[in-house]
Structure formats: C-alpha cells, structure tokens
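One chain, chain A, appears in both complexes that follow, with chain B as partner in the first and chain C in the second.
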Partner chain A sequence: MAGAEGDDSLYPIAVLIDELRNEDVQLRLNSIKKLSTIALALGVERTRTELLPFLTDTIYDEDEVLLALAEQLGSFTVLVGGPEFVHCLLPPLESLATVEETVVRDKAVESLRKISQEHSPVDLEVHFVPLVKRLASGDWFTSRTSACGLFGVCYPRVSSTVKAEIRQHFRTLCSDDTPMVRRAASSKLGEFAKVLELDYVKSDIIPLFTALASDEQDSVRLLAVEAGVSIAALLPQEDLEDLVMPTLRQAAEDKSWRVRYMVADKFSELQKAVGPEITKNDLVPAFQNLLKDCEAEVRTAAANKVKVFCESLPEDSRETIIMTHILPCVKELVSDTNQHVKSALASVIMGLSTILGKDNTVEHLLPLFLVQLKDEYPEVRLNIISNLDCVNEVIGIRQLSQSLLPAIVELAEDAKWRVRLAIIEYMPLLAGQLGVEFFDEKLNSLCMAWLIDHVYAIREAATCNLMKLVEKFGAEWAQNTIVPKVLGMANDSNYLHRMTTLFCINALSEVCGQEITTKHMLPVVLKMSTDQVANVRFNVARCLQKIGPVLDSSALQAEVKPVLEKLATDQDMDVKYFALEAISVLALA
Partner chain B sequence: METPTKLPPSSPSSPTTGFSVPSAEKVDGFPRRSMRRARQRRSHSSSQFRYQSSQVELTPLPLLKDAPVAELHDLFCKKLQQCCVLFDFLDCVADLKGKEIKRAALNELVESVATSRGVLIEPLYPEAIKMISVNIFRTLPPSENPEFDPEEDEPALEASWPHLQLVYEFFLRFLESPDFQPSLAKRYVDQKFVLQLLELFDSEDPREREYLKTILHRVYGKLLGLRAYIRKQINNIFLRFIYETERFNGVAELLEILGSIINGFALPLKSEHKQFLVRVLIPLHTAKSLSIFHAQLAYCVVQFMEKDATVTEHIIRGLLRYWPKTCTQKEVMFLGEIEEILDVIEPSQFIRVQEPLFKQIAACISSPHFQVAERALYFWNNEYILSLIEENCQVILPLVFGTLYRVSKEHWNQTIISLIYNVLKTFMEMNSKLFDDLTASYKVEKQNSNIIEIKIYKKTTTTTK
Partner chain C sequence: MSSGCLFVLRGFLCLIIKDGNLSLFLRLLVPCSSPYEIYLFFNLVCDPADVISTVEFNQTGEFLATGDKGGRVVIFQREPQGEYNVYSTFQSHEPEFDYLKSLEIEEKINKIRWLPPHNPAHFLLSTNDKTVKLWKVSEKDKRAEGYNLRDEEGRLKDLSTITTLQVPVLRPMDLLVEASPRRVFANAHAYHINSISVNSDCETYLSADDLRINLWHLNITDRSFNIVDLKPENMEDLSEVITVAEFHPHHCHLLAFSSSTGTTRLCDMRARALCDQHAKLFEEAVDPSRRSFFSEIVSSVSDVKFSHSGRYLLTRDYLTVKVWDLNMENKPVETYQVHDYLQTKLCSLYESDCIFDKFECTWNGTDSVIMTGAYNNYFRMFDRASLRDVTLEASREVCKRRAVLQPRRVCVGKKRKETDVSVDSLDFRKKILHTAWHPKENIIAIAASNNLYIFQDRLTPNGHHNMPEIQSAPPK
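On to the complex of A and B.
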C-alpha cells in the first residue's frame, strides 16, 4: 500500500483529465461538478500548481461545462489554501469572463465578485485590480462588459490612487463604442455610485448618468433610469433638483416607449428616492402623463403603481392630489381600450378606498368599481372581485352589497369559471354580513345553481361553500333550505349531479349533526348504493366511510354494514376496494 | 422589387361592440390561442403620431407639372414641407382630406424625382432628408403579441403604410436618381441617420423591411464613408440579437445585404471581416429562430468560403461546435448548410475537417428522427461530395462504417434502411478490400462485446444468487 502511494495520489487528477477529455459532454460535466472532491484529494498545493493551470489551459469547451466550472471556482477559496492564495483562481475566471456566451460570463463575474471579498487589500491591488483593468481594456466587447460588474466590488477597498484609476476606467466604458458595453455600464452605474464618495458621485457619476440617459440607443437610456433612482437616493435633497431631476424629467418624456415604461415601472422607488417635495411638484404631473401615455405598455406599468404612488404621497396633501390630479386619469383608464391596462388598474384600484375614506369611496370610486365589474374582459372582473375586502373594510358590507350586488349576481353566471370561482369564495363573507333573510332572498338560488355547474372546480367550491354557510346559519336552516334540494339531486338523471349529492353530504354531515344525517341523509346514500354507475357506487362507499363517525353504532351495524358488505362483493374493482376500505376504517368487519 | 400586398388592418373598432363569448370558450376557462390572437388584432398601435402636438390644416398646392420652371424648386420644397405633417391612421376617418392631400403630394414628389432631370438641386437635400426622417424615424410600437412567432403569427402591419410606403418610395427614387450626388447627401445622411435606419429593420411589417433592405443597400453602395460604420452597427445588432434579446425582425434582410457586401470584399480578407465571420455569423446559428434567416445566413457563409478558402476550417468547426442537440428541425438545416459548404469546398480544406465532420454525420445517420438521417444520407447522392469521400475513403469509411452497419439493422424507417444499403454498396464498390476488413473486424468486435455482456450478465446473476 505504501509503495503505491505515489500512484494513488495521481489517480484523481488522472481520472479528471481523462473525463475532461471524454467526448461525451455529460461525462465532462460530471467531472467538473466533482471538481471540489478532486481538489480535496489533491490537497491545496497541487490544486494550485497542477489543477488550476490545467483548467486554465483547457478552457475551450461546451458552454454548459464552462458554466459549471465558473460556478465551482467561486467557492474554491478553501481548496486552494484560503484567502492567502485566493488569487490563484483569477486566471481561469478571467478567461471565463471573456467568453461569448452571456450566462457563462455572468457566472464568472459572479464568482469573481464573490472571491474579491476574500482578497486582502494588498492582494486586491496586486492581483484583482490588474485583472479588472485588463478586462476593461480588452479587445472584444465581452471582456469589457464583464469588467463593468467588477468595479463596484473592489473600489471601496483600494488606495485613493487606484480608486482614481478605477473611476477613469469606468468613465471610459460608459462611452464605449459598442452599445453592449454601454448597456453593461449603464446597468452597473447605480451600484458603482453607491460605493463612491459623495463628491465623486457629484463630479463623476452625474455627468456619466446624464450622458447615458441621453444615449442614442434606447436600450442604454432605459437602463440609466434605474441608475437614476439609486443616484437620487444617495444625494442630499438640495442637490436633487439640479443634478438628477432634469435628466429624470427628460426620461419620463423620452421618445421611446421603452424608456417611459421603465420610468413607470420604477416609479415607487423613484418617489421614495426624491422625497415628498419633488414628488408633489414633479412626479405628480409626470405620473399623470404616464397614465395618459399613448403606448398601452406604459399605461399598464403606470396603472400598476396607482395605489402605491397614492399611498406614499405626503399625508398633508394626499387627498387633494388624488382627487384633483390622479382620480381624473384613473377614471379615463377604467374605459381604456387596452385590456391589460384595465386589468392592471383593476388589481390596485380597490386599494384606493382605504386611502380616500368612506365618503369619497362611495361617491367617486364605487361607480368605477361597477364599471370594471362589468368589463368585457374576465381578468378585469376577476381582479375587482378578488379585492372586494379592502372596500368592505371602508364602506361596510351592506352598502357594498347594495351597490355591487346586481353586478355580483351577474358575475355568478359569468362564462369564465375562474370568475365564478372567485365569486363563490366571497359568498360566506357576504352571507355572514347580510344575514339569513337577505341571503335566502337574493343569493340562495345562486348557491344551489353552482352545484350543477358543468365545471368540476365550481361544483367542488359550491359544496365547500354550502358547508361554510351552514356553519354560519346553523343546522336548522340547513334542514329547511338546502338539505332538501341537495337530496333531491340524488334522483337526477345525470350521474355527475348524483355524485354531487354525495359530495355535499360528505361536507355537510358533520356541521348538520347526527340527527339530520341519520334521518335525512343516510337513507338517500344507502339507496344510491344500487346505482347503475360504478363511480356513484364507490362514492357511496367513500361517503359512508366519511359520515360513519357522525352516526350512532346501531345505525352503523343495522344499516351501513349490510350495504357495505354488499358493495364489497361488487363486480367493479374500485367499488370493492372502497367498500373494503370503509369496512376496515369503520371497524365493521 | 416585390412587396407583398396586404390590406392594412382595419382600425380599432370601438370596444363596446358587446362581449359575446364564443361557445368553444365556454367549456373550460382557457381561451384558445387563435381566439386570443384574433382579439389582439383589434388594437393596432403606431408610435408615430405622438410627436405632433397640434394638427395643421393642409391646403392643396399647385401641381408640380404645371409649375413654371422658375418656381419648380420652390414648389418642390413646399411640398416636401407639407409632407412633414403626420396623420393619425389609427383613426381611419380622421382628417381624410389632409391625408389625401399628403398622399397626392408624395405621389407627385416620387414621380418628379423618378422622371424629371435637374430637380435635385443642393438646397433640396436637407429638406428631403428632413421629410424622410420625420416620417420614417419613430420608436417602433411594442409587439402586439409578446410571444410573437414570426413563423406562425401574422405580423402587425404598420397602420400608416399608405403614406409611409410613398415616403420610402421617394427615398429610394431619390437615392437612385441620376442627379443624386453622394458628396451632397453625406452631409445629411450621416451616422446618426443610418443608425436610426437600422433600428427600423426591427419592424414587424415585412413590406417596410423590404423597402429598408433596398434603401440600405443603395446607401451602402453610394455613400462610401458610411460603409465601415454600417457594418459595425449591423454587427452590434446581431450580437445583441444573439446574446441579449433573441428578438429582431430584420435579421434575414440585413443578412441579405451582407451577402452582397461580402461578395465585394477585397482579398486578402481583413481581420475585421474574419472576425465578423467567426464571432458573429457562426454564433448566429445558435438562434432559436434560425429557420427564418437560415437561407440568407448560409449564403453569407458560403460567400466567405468562395472568397477565401482558408476560412473553411473555422466555419466547419464552428458549425460543429454549435450543432443542435435537441432540435431536429435545426439539425436538418445545419446538414443542408454543410452540403452547400461541401459543394464548394477545396479538397485540401476538406482533408482538414473530414474527421470531426464525418463523426457528426455518422451521429446524424443514427438519429431516430428519419428526416435527420435522410438528410445526412443524401450527401452520398451529391457527386462532388462523393468524389471527396472516395478520395479519402481510408479515413471516412472507418468513421462511419460501424454506424451504417448498426443502423441498417436497427432503424425503424424503411427509407433510411434502403438509403443505407445504397451507401454501403457505394462503399463496397469504392474499396472492397477495406470494406471487407471493416466488416470482419466489426463482427469480431460485436462478438467480443457480446461475450463481455454475457460475462457481465452471468456475473451479476451469479452474484445476486
């Protein structure tokens, strides 16, 4: 054993090299994924001197393999001997950061960012920063793109001379020849600004931001919007007006809808960053314009922000601003020509009621809700229904139901089952607040109609709904109003409806109690055990199993047992199975 | 130039025309894809109209042909200015009179530039380019259909096409006019102009892209100072398409222009051009929507080879690197391109790539998808390829023999099996000695592997007992 030690220690790397050269990508991939095991077997020194050079040399492979390699190297610090030696990982990652495939490059940058933190300040300047500079001045756009993501992580930890160099490199990349690099720089501008000293933010970042925000390509400009939000958050209030607002205002009116979309999409962040005064003076009119934009995409993005924007308005003038500036735009959006705009609005509009209070809601918002509840697009209707509770809190269920009930009744028969489903889910709430009489008069028939819906999900929800109603109104109400109707369906010619009876009994037996179950429900169930459809019969067995615990033992022995025994000899396999299961669960054997 | 004639879609009808649910939709809550599309057709947008703040009332000007020579240029200029007014085509009944005046003016301008000499004098250049810019440069509207599939879906057509077409026509005639002077035009048709022109290639409307293609080609031909810039920007568009967005509607058109540009490259090829081939054209093969522009792409690739045979190895190795792994439709396209390449390959270059190439071809022959196998086997029907194979039979036959033999016994598709028999027969005739040797060694190998399998089987069965 001792004599073979030399060979043994070579073995792992031999296997790796073998597998890395294999023609099958999967094998190469597997061996890369086992890289940490191999490094562990080799020990830190040989990992540094043999494995890493080997990997650096062999970087020409399928992107999938390279991706795995880039990821692995990000957590290799311990395997090369700790932070002291972490710079050994830089050469392979540097090559990976220059490959064409974006995912590989991004992963390499991610790993580089990770291991940059493990460098000592000296190593950072000696090894890491030179790498960033090399990437930043690479020939092909890929390396320069990767460099953009690395400035931010090394800047805070280097000397002021190196800092100046880094700033210079970043500046250069912001005016790079290729739009790909400018896009990368634009997307990292905010992050870089965060690690810069405030004076440099003002002297360096602001001009770059202004330039990128007026780039000839809209794909660059739109990325600058996000950077603008980050920069605004860094600056003291008194500088905002001069340094960022002109550019942001221009972005909100950009000729490209993509840029305006971005502004709308980042509006809440922007609002937070610039504070209440600028919000009042600048953002409110800008928001109005975005809500009226000619491109539906932009209106959709803005409509999505209506609630958050209004919520975060300064409290002293919130109501006035909403009533005089925002609400008129919202009113127009309710009858927009684009369904996505309306749908976005419907998902947030109900939230305004909490902000505006009862009177305004009743006077101004309710009519809008009603319009949206009757919208031609189901998604719009659905979004309104799903948010009824916020209005309920403000104006109370009675008023809500009086004004919205007709629309709700209409929706209960909506052609889209998801809309019907949403309505059903509101029934227990409505019923509880409206009281028995009102319910019986207006809504009961709807609840029963859902039981014979042609979509199973609706029938199922309707069954569950009945149970919740009985919980609210009590067993006596159940016996008088719903049980007869449910049991009546046992004679329906459609077996699906007969099964619904069984499902209802499953759900209702417990809340209705022993008496009703034994006297009214059980006979019906037992009678159905001779149904000609096997599915009904095995559901009888399942139903008996379910209601068994509610029954007393004499009923179980005298009535249930014989029926289950008979079903246990049924021709149908499933019927037999469930009958036997019921017998064993109810301990009737 | 042929432009597909399609009626512009009707403008958005008012959305209040009642919402009736198609019966097919009532069954489950899920709208059919086709219906969703049909509904989306309704709202057609164009970003064009936005920039006009107040609408100007147009009044008809005298006809150009009636104008006295002294006033002709002045009138031409006025007409150009008149055509800078934009109209809202989403509202198909709005300002019909104005639209008609502009249409007539544009028609006159087109005809005048196309037929009469001496019209294009220096002061008209800035006015003409301004009119063109105002009309055609606009941010393209968002796609109606976020999952727009250029192969399946109908493209969204530009609503303002009735005017836009005439503006493009005017631009084209302007560039093609015998009076056109590049030295004057280059002051106005500058880099910024070209960049905006290139961005329009993303238009979903094929008619617009068709015009743009011809126009860009003319600009490239006449304005020599812009050539390098145009190539560079096309590069950027492609790189963005490949590595960032995967969406750009005009890839095929741009490639078509490049096809003729490559044709004109001087020899030896500059490194810029080689880089374009290796880092842009070859990676374009990875795009999901390859089928839309594959013909143009393959043409460009073959053009490069015909220019300079030394790039052959780069091309073949590049294609092999990006060989589709799961998409058989793309595999068939790759095989088609390989055949086009082999058609013009120099024998000395063929030798350099034959090994990896025929390994891949063997893999294709054993594809369970019969179209892939069939496409690969068709290579043996190509006389030039067959002659290359024959010359290098010693290398190629051992590479493919095992696959051919195995697939001839196993493939489910009869056509494939008979094609393989033909190929085997061809090989037998080419070099019967080698063929027999390979057959013999294949059988021995097969037997050995059988024996090993049996041994393994016995081992496992005995150990489990």
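On to the complex of A and C.
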C-alpha cells in the first residue's frame, strides 16, 4: 500500500518529466519552467547524476525552451546541493553558451556570471576558469563570443598566474579572425577594463582599444567607442590625453558615419568621462563637427545632445562656448534639409533658454523658436509646442503667443489625424501656460471643433481633453463655456455627434460635480433615452451607469430608475443588455 | 602527364592541346538518390517545378545547395570519396497569394546564400520573389529514451507499477538531418527580389528587388533599412531597374549593384545612410556606330560577382563577360565573348524572349578562370592569363559517369569538323543559366534545366585537397 501512496505524489512529477520531451513546444516549455519542482522531487543526488547530464545534451530544442532552461539553471545552486556542487551546473550552461541563437547564449552567459559568484575561489580556478578557457578557444565563434562576457567575473577572484592567462585569452579574442568575436570583445572591453589593475589597463587594455578602434569592420569600431568612454573614466586625468584621446578623436572623424553616429550618441557620457579641460579643448570642436556632419543620422544624434552637452559644460566658460561655438551650428540646423534633424533639435532647443537666461533667449533663441514654429514638418512644430514649459519659466509665453497661435491652429486642422491627436494632447499644458482668458479667446473653439471631427480617435481624445481642461479651470468655467456647447450637440442630426455628448458627459460628470451633473446634464441624458438610434440608447444606459455614483439617491430613484427600466424592455438586444447591467451596477433592481 | 602536350589553365583546370583543340579532362559525378537523378536515366518530360533556379557552394565547398522552381532546397554533401550525395531536402517556400494586391507569389527559389559557419549546424538564406528565409540544417544522432507513464511503444503503463521517477537518457540513433526555419524576413519588398548577399561583418545582409536594396540584420526580422531606392516619383520616368546586388567579400562597407542599362555601381555605406549616390560607376562607352535597337537589351547586366581577392568585378551581359578593376571605371580590363555568333540572331532571340535570359557568371577559387553559361547546354570557361577559352556541354548524352568532357565548337557557316555545331542547329530552349565553382578546388556545378551536373578536375581523383602539380601564382 505504501507503494500505491507513493504513486499519487509521484504522478504529477512523472508527467512533468515525460513532458520534457513532449512533441508540443508549449508543454516542453511548461515542464522546463517547473524544472525546480522536478529537481526537488529527484533530490540533489539524482539531479546531479541524471537530470543535468540529460539537459546538457538536449540543446536541439526550440529557442524559447533553451532560453527558459538557461534562465532556470542560473538559480539552481540549491537544487544541486549548494555552493559545494555548483560546478555541476557548468556543463549544461556550457553547451547552451555555444548555440547559435544570441538570446539563448546571452542568457546562458548571464546565468554563468550569476553562478560564478557562488563558486569558492578554489572551485572557480578548478572548474569555472577551465570552462572559460574552453569557450575562449572553441572552434566556433559562438563559444568564443560567450567567453568574452565571462572574463570580467572571474578575474578579480583568481591568482595572479591565472589572471595573466585570462588577460592573454582576452587579447587573443580581440584579434580573432571573425568579426563576431571581435565585436563581442569590443563590447566587453570596457567592462573587463574595470576589473583590471590600473597598470594593466594601461599596458594591456589601451593597445587592444586602439586596435579595435581601428578595426577594418565598421561594426567593431563603433563598439570600441563605448569601451573608450568606460576606459576614459578609469584613467587619471593626466593619462587621458596620451592614451585615449588620439583614438577618440579619430573615432569622431571616422570615415564611416555609423562610427561617428556612435560618438554623437555617447557624447554626454564621453563628456563626463574626460572632464572639463578636455571637453573645452577637444570635445567642443568635435561636437561642432558632428552638428555639421554630412550624414543626417549623425546630425540627428548630435542635435539630440545639444541641451545635455551645454548643461554639462564647465560653468565658468559655459555661456561663451555656447554663444560662440554651439549656437552658430544650432542656427544652421534650424533650417536643415532633413526633417529628423530639425525635429530632434526642436525637442531640445527650448532647454537652452534656462541655461542662457532671459536676455540671450529673447535675442538669440526666440527667433529660432519662431522659425521652427513655422516649419513645414508638423513634428518639428509639435516638438516646440510640447516643450513650451522651459521657455515659460524664463521669458513667459506671451512673447511667443503671436506665432504660437497660428502654429497651433494649423496643427489642429492638419490633414493627418495623428498630428491632430498629438496637438490635442498638449492642449491642457498650453491652456495652463497661456491662461484662461487667452484660451477662451483663441483656443476654445478649436477644442469644441475636435468634438465633431470625423475620426473617432480625435473625438475620443477631445472628450478626454475637456475633462483635463475642467480640472485646470474649474467647474464654474465649465458650466459657462463648455457644458452648454456639449449639451447643444444632443440635438444634432448626426447620431455620432449625439453620442459624443454622452461620451463628454461620461468624462465630465465627476470633475463638474453633483450639482451641474444633476441640474444640467442628467435631463439631457434622460431625454436621449428615446432616441431613434439604438446605439445612442444603449450609450444612454452606459452613461447613466457611469454618472450614477455622482448623483444623489433621490435623483437615481426618481429619474434614472424609470428610464433604465424602460430601456430594459427595449426591442434592441444591446440596449437591453446595457440597461440591465446599469440597473445591477447601480443597485436599482 | 605526357610531355609537350601540356597546358595549364592558370594552375587549375588542366587542358591538353591536341591538334590545336582544347580538351578538358573532367569527370562527371552523378549525385545518387537526388531528385534530379531520375531524369538522368529516363527521358521523361520534365516537371517545371524541378527546374533548378539557383546553385551555390558553401564557404568550404563541402556542401552544395540548389533551389528549384518548386520552392525546394536540396543540399548535397561531399563524401570522403569526393562524390556529392544528397544530405537534406526541404521545402523552403510555398506558393502564396497576396490578397491586397491580388497577386500570386511564386515559390521559386531565386537565390541561396550560405552563412559563414556558426557551429556544427549549417545556415543558409533562401529567397523567392518576396520573402527571405534563414534555414538551419543540423544533425541529430541522439534520442531520448525512457518515459515514466508510457513504455517505449507509447502504451500507458499501469500506474501501480510506477514506484520511482525515471529521468530520460539519451541513446545514439541513426543520423537525422533536420532543416528548420530560423527567421522569416518578409514584407519589405514591393517588387521581386533578385539578389541576396551576406555582408563580411556576418551580422547583416542585403536583399535587392527591381528598384530598391534593403539592409537587414540577421537577428531582426521586423525591420530593414532601405539603402538604395531607384523608384522615381512618377513611374513613367522609370529608366532602369536593379538587376543584381552584391557585397564586397572583405570590405563591409562596399556593395555593388548593376542595372538594366549596363552599368554597375559601387556604393560606400560609410559615406551616407542612403547609398543613392554611388562612389563609382562602371560603364563602358558604346560605339555609337554599332548602336542598334538591341544595344540596351543586350547590355543589361545579368550577374555581378566580386573576385575572391576583392579587387575585381565580374559582370555578365547577354553576349559577353567582363572583368573590371575596381580602380578603373571607364572600361573593363578584360572582355570575353560568350557567344559572339548570336550577334546576327538577336531579332529572333528577341521574338522568343531568349534575349532576356539572365545568365550567371562565376570565378574559380583563385580568380584565374571565369565560367558562364550559354545555349544548347553549353558553358564557357575563360583562362584570364592565357586568354584561352573552351566550350563544354552538359547534357545527358555526353556526360556519362566518370567520362571526360570533350570541347565543343560552334561554327558560323560551313562545318570544319565532324563535331562542330552550326549556329542554326543550337537549341535555345536548353540553356545553362546557373553555375557555381567550388571555393577551393576544381569542382564545378552546372544546372541545366532539371539536371544538376557536378564535374571535377581529373587531376584530383579522390577528392582530397591536393593541388595540381603545375601551378602558377594566383593574380595579385
């Protein structure tokens, strides 16, 4: 009988084990995800001697199964018997680190890095380091690329002889035949440099960096840029000029735009790493060149960095550098031929006003904002409008409002609905900054016009916008300006517009409060319950459900209940359904 | 080798001159159990789906892949004895229907390109008109055994007999070769894809259609970058289409593409993200006095191949193959006539649409010999050093297993020899469009309709990598 009892508890595990090799990927995946359950049932001994050898050889599976397996094994230490036996996990992870699929390999390396910490220093040298060396000298590039990510975790914890070997292996991989391995080495160079002693950074890493940064493959060179940033951060200031700067200068002028793009993209990190002196002497001219680059992608990346770069300039010379070196380039970019460059610039240019202060902003930046507000591409104008708050703090928005209005009106009527949608989203922000008077005078009519846009997404956004405006300007303003117009649409001949009224009420009832809702909105909603279009009627039911909580109980009982009961007997199925739903939600039954 | 009769075609193909004629010693290796085999033995009407549409050796030459009109890919592996046998066959593409454009999409494989070796598995890209696929061909020689709840025949076990858990164990089994699709790169081409080419950085590749070239990352299927766009604003202004595009073998930033106007352009991807402006334009001025209605059609470039050294470009147009030095744009350094005798036949070739046939061309491993196809199941080889050439025939009648190929001669007018063939008796339905040359050895693969012929230099009989004894230095 004891045996039979055992069956019951064994059965679910037996199913899981069998499903490790089920034909259905999903079942295999489920099983792998519950690998810890299987291991727990087998015990540490059998996990080590049976389960892990089996897993080591099952690397023919689908990527998603292998990915899950690689992840599981990273937290398997307890299940094989603790840190003492953690090295048993190395064989399956080693084979996973050689598969062709990058995500699986990366996950295996991640797990290996994780369990490397659980190795004792002795185990690390006896088990882990030999694995890294095997991978590093593997026949296939897949294993060698994986090795690149493992040097960094074992280096700090091994003896100096092993350290020397590890450095040697890394050097070898940096000059590997295949670009894939050189790329992997290039991308891990910075990380590896961090764990090396400073002397070795100078004697080993710098030559490798220089070599990778002048590799024949563009894709290797561009990864060296990032490594250069990390290395620069490690070196004392006095060594930077000799050891790193020549290479970085060369990268900023590389023949390949992709490398220059990378420099532009990493410019703020670079600036931080090399410090103020080199920034002034080297990076400013380099940045100017990137802003004037012949490739639009590079200019875009550089334009994105304009604000951050200027912000981090040394304070004593910040204004002079911006005014004499950066601003002239920025002025040219404002009339760039490429829309992406202009729109990247438009998204950061407003930020310069806080750095330059009121007078400079009015004199130098304002003309540029105005040009961009009239740009032919909507995205450029939108980016300016979306960042108005920065300027508002410095010079107030009034200076801009003359140009702002035509720009907003044009965007509001743009033929592309996505553009209209984007400008709607900035309306509450604009309203806040321009003030209620300006808004009523100039923008209110736009907001109402969107309610009858022929694209649903715009009408929907417009209702949401009204709600946000009321949150800003208050219920009283709502009652005077927008509620009458919204309610007026209830008599429109187009049923879509009548429905918009209901949607607006849904959105506004809460912010407007009980009084306005009961007094002004509810009668209109109730009247619409006899609309001839079923869609309107069932939206009345939904609307009542929505605004119910705002109303007091007498209004609910006296006015809402009879109407919902009538709708519950409607001929249309959907009307009935929503009416009944509203009755039950509002507990009116 | 007997004395006095020896001539080496730049070290590789061994030719012997007899009575002023060239005879090439090649053996035919018939692939066993291939889908093409049956047609080698029975004179059946050929199924159009079996017509081979592309042939490609992998980087080591150990494998040879063919694609056909039926969307199948067949991979041959070289046996230790030197013969190529079928290794794997799989259906790469299926016929599809584009409902938006109301267009049928053929399953025909337009191009196959092998990826550099990753791991023990082999990877290749195959494409039809619209979709590129990345395939993995891998071997499996182990099988898991031992279920908990079932016996080996799959019958459920009596639950009461289960007292311990059993972990499956792997046992050796017969070798199983599996092909699995790893990536599908779709929806990026409005026109028909004519070329794919893997970059030397091994992480990107290009796909080219009639008007555009796109750049892909091998790991990313939902995004590609357009690097060349020839589509004019108004399609009525269309004056040329892209016929072929290929990456430079070593320089990751260089790519060449050719057009229907007979030009080949070299682009430098370092200079700009969009390569619409070329770095170099290879074009030969046409003698205005020889211009005719057919000039532009016959000058359309049907294939472009970089030499293995990366120094030269080989282009094929309807009547010639040309070798261009990348450093000289205004004229080719070498021009070889493939079938000059067709000059007078262009009118009838136009009527039969033959004039639009796209012949491919190929270099041998050391760039010393050029091969390209012709009509009547003939293919041509040109030795660049000696300027000698030979015409050979790949047909069932002459290619007996292990037979040595005899050179052919096409004559205009009166026959000079018994074996000569008159231009008028050439069969224009039998054409050799697709050829490939082993990257290291003198082994060539020739696709003629539904037949695949693999010939080997007679001097390397056992297929080992022994070079011919007499060899001159490869061109630098």
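Quick note on the criterion: the second predicted complex is superposed on the first by the 379 of 589 C-alpha atoms of A that agree within 3 Å, B and C clash if a C-alpha of one lies under 4 Å from a C-alpha of the other, contacts with A are read in each partner's own complex, and residues count from 1 in each chain.
Everything that follows uses one rule, which is that a contact is a pair of C-beta atoms (placed from the backbone, for glycine too) under 8 Å apart; a residue touches a chain by one contact, two chains touch by 3 or more.
In this text the structure is predicted, and so the values were computed from the model without any measurement.
In the superposition on chain A, A:V455 makes contact with chain B only, not with chain C. In the overlay built on the shared chain, the residue A:V122 is in contact with neither chain B nor chain C. In the overlay built on the shared chain, the residue A:K416 is in contact with chain B alone; chain C does not reach it. Judged by the touch definition given at the top, the superposed model places A:A41 against chain C, while chain B stays out of reach. Between chain B and chain C, C touches the greater number of residues of chain A. Of the two partner chains placed by the overlay, chain B and chain C both lie in contact with A:E216. Once the two complexes are laid over each other on the shared chain, residue contacts for A:A587 go to neither chain B nor chain C.
Of the two partner chains placed by superposition, A:A558 touches none, neither chain B nor chain C. On chain A, the surface patch touched by chain B in one complex and by chain C in the other comprises residues 100-102, 140-141, 178-180, 183, 216-219, 255-258, 294-297.
Chain contact summary for the complex, chain A toward chain B: residues 100-102, 140-141, 178-180, 183, 216-219, 255-258, 294-297, 337-338, 376-378, 415-418, 454-455. Residues 12, 15, 19, 21, 25-29, 43, 45, 47, 49-51, 139, 141-142, 192, 195, 236, 239-240, 243-244, 279, 283 of chain B are the ones that touch chain A when the two sit in their complex. Residues 3-4, 6-7, 10-11, 13-15, 17-18, 20-21, 41-42, 46, 50-51, 54, 57-58, 60, 98-102, 140-143, 178-180, 183, 216-219, 254-258, 294-297 of chain A are the ones touching chain C in the complex.
Those residues of chain C whose C-beta lies close enough to touch chain A in the complex are 116-121, 123, 136, 138, 140, 142, 144, 147-150, 159-160, 162-170, 182, 200-203, 219, 250-253, 269-273.
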